[in-house]
Structures are given as C-alpha cells and as structure tokens.
Amino acid sequence: MLKTPVIVLNMKTYTESTGKNALDIAKMMDKVSIETGINMAVSVQSIDIKECSDNISIPVFAEHIDPIKPGSHTGWILPEAVKSVGAVGSLINHSEHRLNLADIDFCISRAKELDLDQIVCSNNILTSKAIATLSPNFLAVEPPELIGGDISVTTANPDIVSGSVNAVKDIDDDVKVLCGAGVKNGVDVARAIELGSVGVLLASGIIKSKNKEKIIRDLISEL
Amino acid sequence: MLKTPVIVLNMKTYTESTGKNALDIAKMMDKVSIETGINMAVSVQSIDIKECSDNISIPVFAEHIDPIKPGSHTGWILPEAVKSVGAVGSLINHSEHRLNLADIDFCISRAKELDLDQIVCSNNILTSKAIATLSPNFLAVEPPELIGGDISVTTANPDIVSGSVNAVKDIDDDVKVLCGAGVKNGVDVARAIELGSVGVLLASGIIKSKNKEKIIRDLISEL
Amino acid sequence: MLKTPVIVLNMKTYTESTGKNALDIAKMMDKVSIETGINMAVSVQSIDIKECSDNISIPVFAEHIDPIKPGSHTGWILPEAVKSVGAVGSLINHSEHRLNLADIDFCISRAKELDLDQIVCSNNILTSKAIATLSPNFLAVEPPELIGGDISVTTANPDIVSGSVNAVKDIDDDVKVLCGAGVKNGVDVARAIELGSVGVLLASGIIKSKNKEKIIRDLISEL
Amino acid sequence: MLKTPVIVLNMKTYTESTGKNALDIAKMMDKVSIETGINMAVSVQSIDIKECSDNISIPVFAEHIDPIKPGSHTGWILPEAVKSVGAVGSLINHSEHRLNLADIDFCISRAKELDLDQIVCSNNILTSKAIATLSPNFLAVEPPELIGGDISVTTANPDIVSGSVNAVKDIDDDVKVLCGAGVKNGVDVARAIELGSVGVLLASGIIKSKNKEKIIRDLISEL
C-alpha cells in the first residue's frame, strides 16, 4: 500500500504529461523520491502506465478505472488491464471523471479484489464522509472550484481538509485522507499535513511549471 | 490509411485479449497477414497499444478516443496520447461506447488533424448515412442486437450492409464501409465483400474461440 | 414530511400509469388511504404531478429531480418546478436513473432548501450507509436484480433490508428506511416492517396487475 | 405541423419561465400571435406542458424527450407522456441536453410514430447535414458559444445559418431550418429569414427581458 506522507502527481491529459513527457516527469519524481526518501507516486494516462511502471520504482496509479468486469466493453478501462501493465492502484471518481454512487462502490470492490490501491476523490466534507463508508484505502478531497487555480486548498479552504479528516475518522479510521487543488509549494504541503491529511494530490502545480524539478523539490522542502 | 479488403479484430476488454493475451493474438494476426498478404488490423485497449504497435507490423487502432483536447481531463482518452504510443487510428462511437453527435464530429475532426484513421460505428442504415456526412475514412455498421451472437450480420440482415453501402455512397463515395456482428468464418467474410463492404469488424468470433489461429485462417479462406 | 408506515407507489413510465391512467391509479390509492387511514404516496412522471396533486390528498412525489439551479438547462427537471406544481418530494438516484455522488449530495441539499422530502435510493447495504451520511429524510433500498421481478426483496434478500436499517441507524438515526423490489402483497409489506423499514416502494406489483384496487387493499391487509 | 415562418420561444428552466411564469409568457406569445397572425410556438418544461396547452392556442412543445418506450424508466421523459398532456412536438438534442446519434434517430422515429413535430438541434453545418439525413420536420442550428449571449448568430456567424440551410437542402428538402443563439430583435429575425431559415429559436432574449411583450412585438416587427 502507498506509504505516507506522500506527494501524488496526477498527470491528467496535458501535452506536457503525455507519452515521453509523462515518462520524463515520472523519472524526475522517482529520482527525487529515491534521493530524499520522501514518498511519491504518479497517476498517469492508461497508455503511459506500462512505460512508467517499467522504468520507475515509485508507485504508478491509473487516473481512472471503469465499473466493468472483463467482457464486451469496447474502449472502457478495465481494472484488470491497468494492473496487468503495472499500476498498483487507481484514482476513482476524480471531479473531472465522476461516477455514480453504485459504480464508486463497484470500482472500490473490484480494486480491492485485484489488490489495487484506491484513491477516491470527494468534493466536500459530506461526500468525504459518504465515501469513507465504502472504506477505500485513500480518499482525496478536492474542492472543484480550486482545481487548477493559484490558491491552495490549504489556504483557501483549510476547513474542508480538517473537516474531511474528522468526518472520515468518525466513519472508518483506516481510510487515509489526501487533499488537493491549487497545491504549489512546500508551505502548502506542510499545511496539508498539519490539517491532518497524509499528503497531497496535485497536477498543474508541477505539470505547468517551467522548472518542474525545482517545484518537486520545493514541495517537499518543509517535510 | 488502412488497406482494404481488411479484417479488423476488436479486442474489447475480454480476459482473453488483455495484456499479454492481446499481444499474443495480435502477433498471430500479424503472422497470418504477412504470410497470406491479406490486410488485417487490431483495435486494442489503450493500455495495450504501445506493446502491440512495438511488436507487430499490421495497423493498431485504439478502441475509443474521447472528445477532448490536451488539458485537465483526468482519466479520459486523449487522441494525441493513443497516437503517441503507436495507434494509427481509432474506433469511434462503438455501440458499447456511444458518443453524442457533436462529439462524433469533434472526434473525427481531431483524428483527421492528427492523421489518425477513423472507423466510426453505426447501428442501422440511417445512422450510417448520418455518419457519412461527417466523412470519416471508414464506417462500420453493426446491428447491436447481433453483436456477440452466433448468426452473422451478413446472413441475419444482409440488407443493413448493402443498404449502408448504398446510403454512404450517395453521401460521400470516399467513406469505406465495414460491417460486423456475429462474423465467424470465411463465408461470412466473402458475403460481406459481395454486399459491397470492404471488410469486417469482429471480436468474439476470434477472441472466444479455442483455436484462434484456425479461425483467423478460416476467416480469409474465401478471399 | 411523509408519515409512516407508508406505501409508496412509483408510477415509472408505463402506459398503464401515464396521463389519465396515472390519475386514475392515484385516486384509487387516495381513496383507500382515506378509507383505511393507512399512509400512502405516489411518485409520478413530471407531466402528471400537477393533475395528481390537484386531485388527490395523499402526497405526490416527483420520480426524479436533476442537479440544477434555475437557468439555462433545456429539458432537465428543475427541483423548483416540481414543487411549483405540487410535488412534496422526489425520488433521487433511483436505480433506473442514477446520479453521481456529488449530484446526489447536491439534489438532497436543493430539496431540503425547497422543503421537498427526499427518498434517495440505494442498491445495497454499503450504498445505504453512504447515502445515510448525506442525511436525507428517507432512503429506499432496492436490489436492482429484484426490481420488476416476482420475488419480494423481503423474501429473496431480507438481510439487505435489515442490514440497511442497521447501517443507516449507525450513521443517522433520523433517516427512515423504505425497501422495495418485487413487493406484491400484504405479507411482503408486513415483513418489510418487521425487518425495521418504515414501508415499501413498489411499482409493477400494482401497475401491471389487472385488479389494481384489490392489490392495493391486499398490500395493507397485514398492517 | 408547425406553420412557418415562426418564432419559437424555449422557456428552458429559468425562474422567470417556470410554473405560473411560464403560463404568463405563453399567454403573451399567444395573444400577440393571434393579434398579428404571426406564427409562434413555445417549448416548456415537462411540468408546464399541460397548463400551457390547456390555456393557449399556439403550439406547445416539450423541451426534450428521452429515447425510451413505455416501461420501467423512472424519472425519464416518455414521448407518449408529453403528447398525452398536449405537446404537439419536442425539441430533440438541444446543446444543453445532447443525445448520442442512435438515440437522436430513435427519438425522431418515436416522435414520428406519435405524430409529434421534431425540432432537432445542431451545433454546426456538418452536424446540421448529419441530422438532415434522419429527416426530422425541423432542424435548429445554434452555435453553443453564442447561446445566451448578446450577439445574434445572424450577425456573429451568418454563414452557419446559410450553410446549414444549403447543406440540409442537399440532403432532404423537406427538412425546415430554424436558427438560434443570441437572437434579440426584429432585425435579427428578418436576417434569419433572409439567410434561408424559416424562423428562430430563442430563450433569454425574451425570458430575461424586463418588458417581455415589447420584445415579442419587436421580434416580429420586420416580418
């Protein structure tokens, strides 16, 4: 299972994080993680899972799995498939790829059967609590309005982080909480930990920066 | 562009066609194609595109692309991404993964910009005609009720094939028509060609058979 | 708020329960409810809400509300709209009309703001528990595989009812639990109450019967 | 069938056009239409169809129908249902409520079987052409980026109107073309007719104005 505290980089579908670019960033994360001993992980597009997992030592996650079993499902993302190419887990229900409740439950169950870690995304304290009842390994609370923005959730809305941590603890103490949206530097990460989370999920803060390695190093500077 | 007549194998998300299994079947298709000179292609899960395209010489297609441009689209399938790992085209609007009309138009345009072949699926003569107005390279007509079944579309409903061929010809003579659903042997393929199509799209007929190579060879026995 | 124990009839979109037919059945429920003092309610298609609420005294629910606020949402079902024509509540997340988790949360919040009762549907014990965290007035657990079938959930899977009742109680004791799927007679209803639910949600058991009034009377015969 | 030239007002789900407000606006349209002899129609939320069709003489359309036949479809909008309360037609595939291609085909067929007029929406010239192959009575081309805006499609992008008119004529001369997006006054309407359309589809231009009757009268001032 993903070790914590942890920095999880979600590559999304940016040009800067597709194909060879994804691999380059993944290797950079890997290098810094090995060098510093700080836990890191990446979630990458399905096409990039194999290349990344073959070439780095930190955990590689899928960005999404579809609520299906093997069969006639042309073009959907099969949980078994992401595992077969080296993913050790998946984001589920990211705010850019939401699932209905029965399907979130189904995806978490399928992931557990396949021994895949689950990072299930929520958009507020109430949905954090709802997801906690399904007992995923991890939950990542991200206010959609702050995703991709300039102000970190830990500054703009710290209560959503501490509130999610507390709500989740009341339901299932084994569910670890990450937070994300607007996270950009070491202060944001340190604050995320102070608020009770076990780490951050971020994307544009690294992907869209000119000097990615500098940002990666800065992110862990206060840990 | 995909050469015709052609046999296109859609791997879908069967256990028998995921990961290493997909590569094994793709290699079998590749071997028979090279040996016989008959055109073949495979559409594979996004996770399998790279491994297949790196190891076979016949064209590799994605099973699906999402209607997106590079950006914040966690977990969706970016057209640029499938190209970056070696896909030369994609199925679009398969009956197991339908898109709204504006998105079909968008995906065809994006694929053309990226020089990806487009095999756009229709479910009847009228929707074949509608899709022809969008001028994809290829259209594959498949009656959903016959997909995965035991009777070939060429036997159960030959009019849908010839009707689609004629309807498409009226709109845009450059759009080549494939047909599929229930296709299992050389007689079905020969009949598909007689009905005016340039080939077949099939899945379970090969994937679910015990002796896959025998089926592949039988499929082209009447060409 | 809906009084309990209660029989809730979901009209769905059957020919036998559309337009004038919906009104006829609603009046029958109303008559039996008044005569016997047993609480009943109906959920009807949006087009039938006004006519039913204008002509009967028992509560009329919408079958669905969409997760929207007033604005540019052509063709979607606005919570304010169903209220404006007399609905006192709505089903939310029925297994035939599922919503993503953020939207379930949104619809429950909107309904509360508008003083509309919420009957939120779940498909198993875990999703019952998840929904309970959102504190709707009511939750209706219905195993999808039993909906429309001949065997009542109370016989085929009584544990899903008692399990949901207990799971919900642990989270929020104010959420009342209904159950449904295959419910057809007074024994099923009595068993539903014994299992800890406050009533049943049913559809085809009444709608598809020849003698609807007889079925309605039978349903409450053991209360 | 809807007589042309025509002004079609889409009420959407604004507060100003829900319930009693919808009826008030519908009556205003009705009064001006009768007084001036100019054809008008309204599309209203499903909950408002009956009240409007019972109280006005101009045609009342649904804003949407779902691709279903009578049966177990809780909360969806049944074509038979909107007809049962007086709708004479429906918008289909509005850009705020898009359908996949097979479902557009299905909805048009169902509407024809039920003798309901079909106003099928397109977003550009190519999708206008695609929809024309399905031979609806009417097609309404609306560039999504101009919907709800201040500049009429007839000014901002007149070519999309004339281009759609010509593309549709090539496919099926019986399909009449409306246009919409940003339409606000009589000059816009006159220009729409000059460009070859048979009328306009508009919403916010009337709904959001303070003096709705004045706008309605202005819209037809150049006809």
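As written, the chains take the letters A, B, C and D, and residue 1 is the first residue of each chain.
Please note the rule applied: a contact is a pair of C-beta atoms (placed from the backbone, for glycine too) under 8 Å apart; a residue touches a chain by one contact, two chains touch by 3 or more.
Worth saying up front: this structure is predicted, and the values here are computed from it rather than measured.
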| item | value |
| --- | --- |
| Of all other chains, the one whose Cα centre sits farthest from subunit A | D |
| Distance from the mean Cα position of subunit C to that of subunit A, given in whole angstrom | 37 |
| Length of the line joining the C-alpha centres of subunit B and subunit C, rounded to whole Å | 44 |
| Length of the line joining the C-alpha centres of subunit C and subunit D, rounded to whole Å | 34 |
| Sites on subunit C at which at least two other chains make contact | 95 |
| Category of the chain touch graph - line, ring, star, complete, other | ring |
| Every chain pair meeting the contact rule | A-B, A-C, B-D, C-D |
| Subunit C - residues contacting subunit A, complex | 93, 95, 98-105, 122-124, 126-127, 129-134, 171 |
| Touch list for subunit B against partner subunit A, complex | 10, 12-15, 18-20, 43, 45-51, 62-64, 68, 70-78, 80-82, 84-85, 91, 94-97, 147-148, 203-204 |
